[in-house]
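What follows is a set of structures to go through.
Two complexes are shown next, each including subunit A; its partner changes from subunit B in the first to subunit C in the second.
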Partner chain A sequence: MFRSQVLICGGTGCTSSGSDEISKVFEQEVAKADLQDEVKIVRTGCFGLCALGPIVIIYPEGSFYSRVQVSDVAEIVEEHLLKGRPVQRLLYDETVTDTGVISLNDTNFYKQQKRVALRNCGVINPENIEEYIAMDGYQALGKALTEMTPEQVIEEIKRSGLRGRGGAGFPTGRKWELAAMYHADQKYVACNADEGDPGAFMDRSVLEGDPHALLEAMAIAAYATGADHGFIYVRAEYPIAVKRLQIAIDQAREYGLLGENIFGTDFCFDLEIRLGAGAFVCGEETALMRSVEGKRGEPRPRPPFPAQKGIFDKPTLLNNVETYANVAQIILNGADWFASMGTERSKGTKVFALGGKINNTGLVEVPMGTTLRTIVEEIGGGIPGGKKFKAAQTGGPSGGCIPAQHFDVAIDYDNLIEIGSMMGSGGLIVMDEDTCMVDIAKFFLEFTVDESCGKCTPCRVGTKRLLEMLTKITKGQATMEDLDKIEELCYYIKDNALCGLGQTAPNPVLSTLRYFRDEYVAHIVDKKCPAGVCKALLTYTIDPEKCKGCTLCARNCPADAITGSVKQPHVIDPQKCLKCGACIEKCKFGAISIQ
Partner chain B sequence: MKSLAELQAIKEKMKGSIGLREEDKNCKRIVVGMATCGIAAGARPVLTAFADEVAKRGLTQDVMVSQTGCIGICQYEPVVEVFVPGEQKVTYVKMTAEKAARVVEEHIVGGNVVKEYTIGANAK
Partner chain C sequence: MANKISPVPFNGTKEQEQKLLEVIAAHKDTQGALISVLQQAQDIYGYLPIEVQKIIAEKMGVPLEEVYGVVSFYAQFSLNPKGKYKISVCLGTACYVKGSGDVFDRLSRTLGISSGECTPDGRFSLEACRCVGACGLAPVMTVNDEVYGRLVPDDIDGILADYQNR
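On to the complex of A and B.
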């Protein structure tokens, strides 16, 4: 029996900051202290607070160590594990208060969260099926197979109000019902784990931290819809997720939770992983299904919908990872429990990947209807450097921005659509006053231009032309006529593109135009970038009053654009200036400004 | 997996190791002094004995076994403090693995302080 357990985050974030090595050194140090029979070291999935990684939690105390370095490990073992004195200097500051160390669950970051889809992430070892079982794992599958009919399972999901977490928010129960309706000799269930939105990584976290939750949910979905085979389409850029998923599948087969006659019933189910090569369009359902078949990942018109003609032309149920991650909990705790969380038309919780100008970068799960203010200011810890909130981008390149005036809107599917954005997969990028909205729109459009599959003209050519016009604006070469053309083209692409990628590609442009039109106008008419981002529109000048002639700027200018004699005010040659900002950083007198 | 009972058996088996990871402020706490003095006096087997006994009885959900530094009464080491919510702290001194088993049985489970092991009974 282990008296203490050291949980080390093995998510992608912490792994990239060296948690593998930390884990190894922990093993060594624990062995050196002869504690290997008392202290267990567990690699878990993501805890969510990726900004503070690598993260180590020690139970039973629940001490939360952040930014742990290899050189800290010996001290933690010696002080905490051997002598029982938590190493204060490494504890997450939020847990250290005047009155002592508080529980992680009482910190601002976790206090307002409600973890359903992420409930096991950071708690269990994802490579050990028995730990998942200890957390009620596979109980829901057992319940569904032995106590419920497929119709009852579908009814339960319908009543829960669960909607697709991949972006569009289609009612999940309805989708299952449609898939169950079609009869065929072969039916499939599939999982869309081709998470492609820049900044979103909740699916990866579930795959890495709780892979069995996905397998269990897919088995339940197969039972409900009459399928016996499943595909998980996951991008190859998620190597840890793929590895853990394969381990989970192997273990589930070994325990008879995949395969023939599961729980002694007639139900048989098995599944396999299909790797995606990373094309964004393969997250679109029809393109994904073609890719599963081994063909080029290109979308096709719908109908027929996947429920009727999906993978290999057979009826297919396709859901997103986060959607599946809720299923077992709904079956176990009941539809009413799930529906008690959230808003009238958006039930349950939603995971958001916080990124951009925010202190607590990471993954958070909150009840639907939580306001943006709560997420950004309380859970996210606000914006670094005391800067002002300007907007948040939700839904990635398919979504739009939420400006400060909607800071108190309750976030759910319908409210976001109403204010011109969308839930998307849940990437939430926070922008402060230093962000140029034209530049942001351009950034997302660059992404869609890159990722357009090229099958239909509105998307292939339209987004390219749109990007060219936006580039003109950021260079100060556009006219107000261009602005009208941009809007016209946006609506044209929306109406005529073949798939979701193209239809939503203009959204970042349209929503920034809706809320920040004045910024576009400032670029076009005044030839100014109010946020000071678009380089072509900036001029660097030296205030002769403040300049002491120290020559520091001139010596550091990579373009030799600054001239002047010692102790005399210096001058910047705008023709040579690269606008790199090196001079501003060096100037000790605050004499250089951007206009 | 042929039956729900089989699944339940695995769950029960794993409960002990996973229960440690749930934070519960209302649980009973057994704290073993593990400074140099405590370790030298034999606190380590006491600590493991407590952990084993608690696990054996399936109490990991309700009882937390942890360590602390030097309490300052080194001549009485190994020292163990037991905190039961709503009750006064009990300090046991000169503990051994055998005594640990009895404390779990009588104090933690039975609710009766093992008076003869407490500091009050041993102080001279």
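On to the complex of A and C.
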């Protein structure tokens, strides 16, 4: 038995800020203090509060150390582990109160959360199957195989009300039922772990922090639908996730939880990893399946649906990582337990990746129906620098923005559609008054133009034309007529594109037009960018009072737009100015300003 | 399209080719293994010039046009050699709203190259990427496997100088 456990986050966020090194130094320092038989060091998955990384948590106290540096480790070992005195200056501020140090579970960030999909992330060592088993792991698979028929498993999932967490929210039980219906010599189950929505990292955390939960759920799905082979399609950009998944697969095989005659039954199941190669469209199900087959990831029309003709033309069940992460818990605790959480038509919890202009960047899991206000103000800790909330963007390039007037809408699938956004996979980017909504719409369009596979014309050409018109607006060259054309084209693309990527590509434009039309108009009519972002609409001027005539700006201007004699105030020619900002960077007197 | 056939002459070694043939042999009987083979081939050569694609096409019994079709479809595959230090700036949403566009512009200006290009001395190549997943550190860039977070444009000169001296 160990008297203390040191949990060090091994997620991508904390690893990027050096948690590998911290872990090594902890091992060394603990050994130096001769505590290796009393203190256990565990590399876990993501704790969620990525903004404070690298994070170290020491149990049994639950002390939460944030932004730990290698140079802090010796002090923590000496003071906390040897002498039993937590190092207050390194603890997360919010856990240090007048009455003492509180547990991290009582902080604003954690206390409103309900962790189902992320239940083991940051709790267990993902590279050790026994830790997963100790958390009731693989019990649900055992229960399904030995006590339930495939029909009963599907019925349980249906009754739970679980809907696909990848974006569209299709009822999961119904999908399983369809996949079970078709008979073939070979059937597959697959997992979509191609998390391409920029700014979303929910699935990665499950893969990195609790890979066995995915394997167990896929085995249950295979049993329910009559498949015996699985594919996990994961982004090559997630090296840590891929490594841990492979370790998990090897361990599960070794323990007989994958392979022949699992739990002594007739059920056989094995799976393999297929790496994506960087194409956003491969998150679309038919494109993903083509990519698993080693081909160009282009979508195709449906029907036939994957349940009938999927990977290698065989019936295939495809679910997203977070959807699978709920399955074992539903089988173990029952559909009623799951359905008790959430709203009427959206059950359970949802994981969001909070990012952008928010204090507590990270991963949160809340019951469906939680308001945006709770997520942003309470859990997210508000917006840095006392700036004003302007909008939150959900659903990435396929979604839309939620403006301040809908701050109190209960977030679930249907409400988000109603206000012109969508759940998407769970990226939630907060924007403040310094964000230009036209620029954001343009940003997402640039993304879709880049990622359009080119197969269908509405998407390939339509998004490109849309981007050109948006660019005109941000340059102050558009007319009000263009605005009407933009809207018309948006609806045309929505109705005619082949796959989900194209059909949803205009959403960021439509939703910003719906709520921030005045910003578009300001760009077009007043030739002004209210947020001060669109470069072409800014004017650079030199304050003659402050200018000392040092000529530094003129010498650094790449366009020769600045003129003036030595020791005389200089002037910028707005016709020549490229708005590159080089002059502002060089000016030592703060004489140059942007309007 | 930025990804044109490379003007740099191909100079693969016998050892590299041997490794590639081993990879192909290991995957020959796996259904749909082309992408996996290409990924490993890129690890061996650093990029996928037409010469390498030809070997793969021939040994795997796949038409060259299909190999080229896959290579040119996916962003991960490169027809051009990369710099010794591959700089990748995250232009994902979380980084973008925190100003990674300015970081990218500064790099582009300082190095004198745009996205997908390599400096003439072969030292640095620059690209924009979509989300490395370290959103807590936004804005983020990576130089090979090293991650730099919470960047402002003024950090760039120092970071580049560090690599100039290596």
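Note that in this section the second predicted complex is superposed on the first by the 540 of 595 C-alpha atoms of A that agree within 3 Å, B and C clash if a C-alpha of one lies under 4 Å from a C-alpha of the other, contacts with A are read in each partner's own complex, and residues count from 1 in each chain.
Just so we're on the same page, a residue touches a chain if its C-beta (ideal position, glycine included) is under 8 Å from a C-beta of that chain, and two chains touch if they have at least 3 such contacts.
As the structure is a prediction and not an experimental result, all values here were calculated from the model.
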Which of subunit B and subunit C A:I262 touches, first, second, both or neither: first
Winner by number of subunit A residues touched, once subunit B and subunit C are compared: C
Contacts of A:S17 with subunit B and subunit C, given as first, second, both or neither: second
Partner chain in contact with A:A193 - subunit B first, subunit C second, else both or neither: neither
Which superposed partner A:L510 touches (first subunit B, second subunit C, both, neither): neither
Which superposed partner A:I331 touches (first subunit B, second subunit C, both, neither): neither
Subunit A residues contacted in one complex by subunit B, in the other by subunit C: none
Touching residues on subunit A, where the partner in the complex is subunit B: 1-5, 7, 37-38, 40, 59-62, 82-85, 103-105, 123-124, 130-131, 133-136, 138-139, 142, 146, 255-257, 261-264
List of subunit A residues in touch with subunit C within their complex: 12-13, 16-17, 49-53, 196, 198-201, 204, 236-238, 274-280, 291-298, 312, 353, 355-357, 361-362, 393, 396, 427, 429, 431, 435, 440, 443-444, 447, 453, 580, 585
Subunit B residues within the subunit A interface of the complex: 1-4, 7, 10-11, 13-18, 20-21, 23, 25, 31-36, 39, 47-48, 50-52, 54-56, 64-69
Footprint of subunit A on subunit C - complex, ascending: 31-36, 38-39, 66, 69-70, 73-77, 91-98, 109, 129-138, 140, 147, 149, 153
